[in-house]
Amino acid sequence: MKKVVTFGEVLMRIAPLGNRKLKQSNQLEYYFGGTEANVAISLAQFGNNTKHITAVSNDFVGDAVKSYLQKLGVDTGLIIDSYHPLGLYFLEVGAVMRSSTIAYNRSNSAFCHIDPDAINWEKALEDCDWFHWTGITPALSLNAYKALQKGLEIANQKGITISADPAYRSGLWNYGHKAKDILNQLVELSNVFIGGPNEINELLDTSFSYENEDFIQASKLLIQKYPNIKGVFDKTRVSLNASWHKIKARLWNGVDFYETNELEITHVVDRIGTGDAYAAGLIHGLMHYDNQKALQFANAACALKHTIEGDANLVSEAEVLHIIEGNLSGRIKR
Amino acid sequence: MKKVVTFGEVLMRIAPLGNRKLKQSNQLEYYFGGTEANVAISLAQFGNNTKHITAVSNDFVGDAVKSYLQKLGVDTGLIIDSYHPLGLYFLEVGAVMRSSTIAYNRSNSAFCHIDPDAINWEKALEDCDWFHWTGITPALSLNAYKALQKGLEIANQKGITISADPAYRSGLWNYGHKAKDILNQLVELSNVFIGGPNEINELLDTSFSYENEDFIQASKLLIQKYPNIKGVFDKTRVSLNASWHKIKARLWNGVDFYETNELEITHVVDRIGTGDAYAAGLIHGLMHYDNQKALQFANAACALKHTIEGDANLVSEAEVLHIIEGNLSGRIKR
Amino acid sequence: MKKVVTFGEVLMRIAPLGNRKLKQSNQLEYYFGGTEANVAISLAQFGNNTKHITAVSNDFVGDAVKSYLQKLGVDTGLIIDSYHPLGLYFLEVGAVMRSSTIAYNRSNSAFCHIDPDAINWEKALEDCDWFHWTGITPALSLNAYKALQKGLEIANQKGITISADPAYRSGLWNYGHKAKDILNQLVELSNVFIGGPNEINELLDTSFSYENEDFIQASKLLIQKYPNIKGVFDKTRVSLNASWHKIKARLWNGVDFYETNELEITHVVDRIGTGDAYAAGLIHGLMHYDNQKALQFANAACALKHTIEGDANLVSEAEVLHIIEGNLSGRIKR
Amino acid sequence: MKKVVTFGEVLMRIAPLGNRKLKQSNQLEYYFGGTEANVAISLAQFGNNTKHITAVSNDFVGDAVKSYLQKLGVDTGLIIDSYHPLGLYFLEVGAVMRSSTIAYNRSNSAFCHIDPDAINWEKALEDCDWFHWTGITPALSLNAYKALQKGLEIANQKGITISADPAYRSGLWNYGHKAKDILNQLVELSNVFIGGPNEINELLDTSFSYENEDFIQASKLLIQKYPNIKGVFDKTRVSLNASWHKIKARLWNGVDFYETNELEITHVVDRIGTGDAYAAGLIHGLMHYDNQKALQFANAACALKHTIEGDANLVSEAEVLHIIEGNLSGRIKR
Amino acid sequence: MKKVVTFGEVLMRIAPLGNRKLKQSNQLEYYFGGTEANVAISLAQFGNNTKHITAVSNDFVGDAVKSYLQKLGVDTGLIIDSYHPLGLYFLEVGAVMRSSTIAYNRSNSAFCHIDPDAINWEKALEDCDWFHWTGITPALSLNAYKALQKGLEIANQKGITISADPAYRSGLWNYGHKAKDILNQLVELSNVFIGGPNEINELLDTSFSYENEDFIQASKLLIQKYPNIKGVFDKTRVSLNASWHKIKARLWNGVDFYETNELEITHVVDRIGTGDAYAAGLIHGLMHYDNQKALQFANAACALKHTIEGDANLVSEAEVLHIIEGNLSGRIKR
Amino acid sequence: MKKVVTFGEVLMRIAPLGNRKLKQSNQLEYYFGGTEANVAISLAQFGNNTKHITAVSNDFVGDAVKSYLQKLGVDTGLIIDSYHPLGLYFLEVGAVMRSSTIAYNRSNSAFCHIDPDAINWEKALEDCDWFHWTGITPALSLNAYKALQKGLEIANQKGITISADPAYRSGLWNYGHKAKDILNQLVELSNVFIGGPNEINELLDTSFSYENEDFIQASKLLIQKYPNIKGVFDKTRVSLNASWHKIKARLWNGVDFYETNELEITHVVDRIGTGDAYAAGLIHGLMHYDNQKALQFANAACALKHTIEGDANLVSEAEVLHIIEGNLSGRIKR
């Protein structure tokens, strides 16, 4: 049983049912999400020991966050209580050519106001095998960035493997620092890069295309600059429309290129959190299998997440392995 | 901001959830619909000033109709209260090869009993840019027909553009007049014809096929007979089954033929009201763009309606424009 | 096992959940009701063999009516299919001092259009022990009245006991006949009178008060006029408000007066159909017990109905007997 | 038809169903509220012409606010769109001795950031008969206070009647001004005081008790200080527990004391917004009846609100008049 | 109107809504199922007279089973009440490559404990045209096997046609007898074999493939061994994934091979009970049409079941005939 | 922070919504319960460290049990997985004089089949302060009894305080042992007796009444026989009906008698688990306060549970303390 620590904002997702618009019905459903928490939850379903560090409101909403994470097997012992509200987002779910739409309420959240000194990183990272971060966290606020930076430094000192998902979200980064500068600094502290040409272009001011050849060149350049990075793990997606996707994954480990089969999701149930499912699958894979199987596991985990409602991937390791063994017919299990 | 007036019955749609049959569950969901009201609602979402004329029951059901229309931005100031009940229909939603089924309760409705003299058409059509009617209204009752006729005459006198959607519904027309006679008379008062070979055959006793060549010939014949008609706007649909459709639109404006690309709806959410969405898109388009863009707008609006629950199309002008710019992948909007 | 036949309109009840107003939510719930059908359903729960005669729409709504009655043990073999829609009503449920409100849609219903000659009364009443009617039926339409009259005559010839619940509803009776004339004629064919001073005043143009003394005098006068009536069975209700009622029942059997204890319903769950529950309890009681126990059974059945959702009383004979044995504490049954 | 303008924050209320705690179920229901919007909505149900001024998020949540107000007959034409999120609160509904609990997320809301100069008060108050404000608005932010102050000054210049509900909420007032100073300044601009000893003590640093004698003395003192105040209208409540309340209202108009009967709410459906229902009832009453009937109307409106789900009172003028005529039995209306 | 008797366990299906996992939501939905009851229900929808024999718990759960069957037109007069609980299963519904999962609770059920002597087979099979059994029943318990055996013997004596669906479920058969021995014995008493190479291999220890040629050889061998078998009716399925299936049916009647067209279910609504829908369609077909039309009817009935929620097929004979006439577009029926 | 261990069956509660009967609606809601697990959950909400020992099915139902307990803060690390199904019960919720009804399915459950040797009691009871058991456990099966006995012996050896709630349930105890014999043996190992005359009469073959005097005599007799018992803690309940209760608690600690005030629950939300809430309140109280305050805490906790949906009490220590300080008005907490 491996121990993984994640750090990041937990958001409440609030949505009308089915494909309804908010103004069509006063019934709602909620889940909790947040990219790093989603990774922790998925890793817990795979049987790992996970702990999520975050800050939540000191009211029954924050209490519900802890309950939610505990329910799904994530340790909440180091979560910080704050008098600021929990960040949240509203979702209207699209279909076919109609996009899903998200309205955020997170800029004043408990997590944005997190006190970097309030986190006991030494205790948090004790006996830890893996630390995972994403580009959302440093994009939220100076406090969030400082807290993450501290965590990464200590994780680095402890020799913990660090995975970076430097997703760049242009709507964030409103506190006066440049995304590129900060992300470069944080990637330097990391060992596994989850991303591809798009993310590398953002970091290195390059303009690689989505072609495999470019992916390899971009990966080489990244590893050249950051030799601490042991592998670049990307996923590619073809969206016929909002309800029908095809996904594949590829890697460059510094020596070899490898690409998975394509998996086709003909009836998307929930698109949110599929990237986090990929990341969790990859981390689990890299902790337990070789690179290639890890990539297949990540791709299959990602595919399965499209059939799970809510932000986090709730499938087991056995269900993912079943897929990579080629069982795609979805036959009933009695 | 253009002002559009519509006239027609508002029906309550009552349906069990999902694909359940009525006898399977005592949970229901309701929406309000009615072809002309659907057009008004969609036009209001596109930013137009709309007013719907109808008659509703003078009880909390009629009150809910007004609330519904107001919620969606339609002016209800001239709606007539009646001691007759609101018309309604029950819906069982099919899937794949199973058809949806509708059971009507409308023959004794507030709207069928509408007093033609109770409508203040002069006030209703003040400053109005566009008046829209469909063949459902004159099919319902003599009163409804007389009321519509009066409205069309006054609209005509005021030089308001009139669109006709002379949909022929054989289950109606039970009050002793011939559909053909009355529809011909009303089309004569109109300027935009929303229909194709099917509707023209009904009016002119012809037998044109669905081929483009026939569509053009039929349109020519129609315009020859009714020179007031400035354009014939048709849509065509291929239904693989109840859950998967492909749609296209075409026009003959007296001089040119034009046809849109095909849009594919791989996962139909709600089929009802897609024709009304087309009509609303067309009217909006003709008020704001050229003929070709109007047709594309209409086709895209129609496609998007298949992803919206309920009878009326709740998408914005921006969402439709996004589609005709080729953005069909349904990528999440944050 | 006794066989009971009832005749009357089945109405669909459609209501928003809880105490919401229709315009507050598009979620609804439905039940089927109708005073005579409610009596049949309750009698079926008590273990009797019941058959309900009515007309329903020949669509999936009418199909759902039959399913509903069958589910609750009522024989639907003689129900007539009609191309007219099923009658229905919308309900907004009040609380405390806020009244529940009902909006009907029944004047054009399948039942109002029932063809008196379409009912095979001979077959319907074969081996029948009891026939029950209410004043709602003759109030609806000439057809409904004629059909009922015919049924009563044949039941009379067959010596079947007939109970009359001549509830006068002023909002009905719109087809040109006087309620009083028709109800008197139908009561003359009946043996058990379910009602009190209010109903007798309506029939006899008297003005008796609700006092027990007046109830006895009114009953005497009624039996004097209609010696076929063997007993007058009334219930009285004190409504503190819509959520808190107290009920009692009393009888005059031509010789003796008897009154039950008062039962207090401190938390009304559903007020609709409580009178029908009383009638069903009374009929069951008179078929199986003596007059006094029958009255207690009726009162307890009525009280229990206030705790059951929907129009019909779904409690068993054992549950009612439990109450009249004094078990009012509602202790959990494991 | 009177025209009333209100100004204040619209909050989204999000709550699990029934008495569930948030962590017990992921189903939610929402309503919109906010004390001044609640008053506008209730006044619209009474048949008045109402306009609400506020700021909402420029996303589908803000869009849903406008739809909601329009649905309930409130003019939304002057609502300001903001890139800040809508304020909201989560609610867990208690029962009996368990309190309901509220968790706010409003300190960074669109309304708190409202630009006082963005409101066209001249246009907003055109032809207006009544302007209503509460102490929540100046408690939220300097911007909100400044905007309100400006509105009150212009309303005063126009001779519009101004009602003040100076509710003091200790959890707010976090922007560095003293509640007492600001509320005194705003009461000075007002004509109708909605409050009693509690509110007056807050304003005048007095310590009057809840006794009628003290209420009269407090009112006298208030009117002495602010002769613009024409009447003091208070309501008193006895809470047996969260589910059972008794309410009464009283007034001092400068000359006379008057007190209503007590109304008993034996089964509270929704406690939120009952004070706003009282204010709306009072304003409607003072615009249409004499002082005493206005007070009775306010008390009855308040009582009825306890039976309505959601934040705003959706009863009609007729329903309130029905109560003050003594009809408390909640008999079904057919 | 043909009379059909079925015998087997009724199971309650309990499932979270949509594709949710049980731990994601505490909302559930239930249906009743069980392979033989599903056949009875479907045959009742086709207009046949059906009776189902089973044992249910003597509590409100067992009561609900009877209500459910009666609602759907199945005679419950010979159902046995037991002090053992009703069998049930929990279902998590998958999508795309994620399998649905079933968790059973049936090993101690009322049906497993059924007393073979408690069933009045003589009465049950009076005037019966067809008796249907499946391999689930003898797999459950010795009692269930003995009861079935007795029924088959009496049916055989009465010359009733017997259809066998010898589905082999390896998770059952825990009471010490070999499936093969018992199934062979029971097939010997039957006339119609519903199954193909898979089921025949199980019975005859052969290893035929799914190819048509092998199907024919297997069928020949079966009929050679059991000359009472008049036809072998198989269905084949291609599952692209859990949400997209293609089905076909084939038969060997001792002389000829026949195969239907393929029907494609592009959007599976509910996969459970589709085999039972095929069996019911086949039985109805064989009772009313020739072999080939019966097979087409069975295949179309099976296809339609994929669009119906719950375990049993609720479509009418007309709906199935509509499909085999080639109407696959799912056009709305008004 | 105290550590408490509980041992007993976890049952799934499945119920239709509101007061509906199972056959009225196919919507259900579930909670997990079981008397000892309810105690553990409530103690966790009060801030204690709790661990529950049980056996659950090794499927997604058992997985959901663990998630549920973890969500509510109970350690599930020693729960045993079994191939037997989880025990469950169906509930129909009554109101007023109508009783709630429970239908059990537990006689073949995972817990009944628990292997006494599979529990690592040494590890389970490490650092434990309190062990709680009830009479339900030894009533279920010989295995359950043996497992409990072993646990009690080890707890006794470790000097852990043991509370006994020897609730006698006559419907259980079907495995051939006498309840009285076994309960006496287990009470002998315990220190705190939760019960009163009823339970003592069962154990000692006495016939004490519910009067305080008798309670004291009974308690004295019990302590005389079992000097290890340090206190007898009883609660008394007056049920006006299923919706309105009054509760009080009393104790005899060997020296003194003490009785709490009566708390009135005028609107019962959920009656199930209120005894467990009392037990949990008592245990928490005895671990943290003196006897009298402990009793008040227990009574208030019990009262609050009546307002919480589901089997377990989810209120915090602060909420209970708030009640015993006399705050019964249920004022909203903002």
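In order of appearance the chains are A, B, C, D, E and F, and numbering begins at 1 in each one.
By our rule, contacts are C-beta pairs under 8 Å (C-beta built on N, C-alpha and C of every residue); 3 or more make two chains touch, one makes a residue touch a chain.
Only a predicted model underlies this, so the values are computations on that prediction, with no experimental measurement involved.
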### Query
Common contacts of chain E and chain F?
A, B, C, D
## Note on the structure
Overlaying chain B on chain C by their Cα positions calls for a rotation, in degrees to the nearest 5, of 180
### Message
Suppose you list every residue number at the chain A-chain E interface; are over half of them used by both chains (same) or under half (different)?
### Response
different
### Summary
Taking each chain's mean CA coordinate, chain C and chain E are separated, in whole Å, by 42
### Query
Rounded to the nearest whole Å, what is the centre-to-centre distance of chain D and chain F, using the mean of the C-alpha atoms as each centre?
45
### Task
Would you pick out the residues of chain A that each touch at least 2 other chains?
21, 23-24, 26-27, 67-68, 71, 101, 104, 267
### Query
Inside the complex, what are the residues of chain E that reach chain C?
67-68, 70-73
### Query
Which of the residues in chain F come into contact with chain E in the complex?
14, 21-23, 26-31, 57, 59-61, 63-64, 67-68, 85-86, 88, 90, 92, 101, 103-105, 107-108
### Query
Hey, which residues of chain B end up touching chain A in the complex?
71, 263, 265-267, 269, 303-304, 306-310, 314-315, 319, 322-323, 327-334
### Task
Please name which positions on chain B make contact with chain F in the complex.
24-27
### Message
If we count contacts the way the header does, which residues on chain C are in touch with chain D in the complex?
### Response
18-21, 23-24, 94-102, 104, 169, 171, 239-244, 267, 271-272
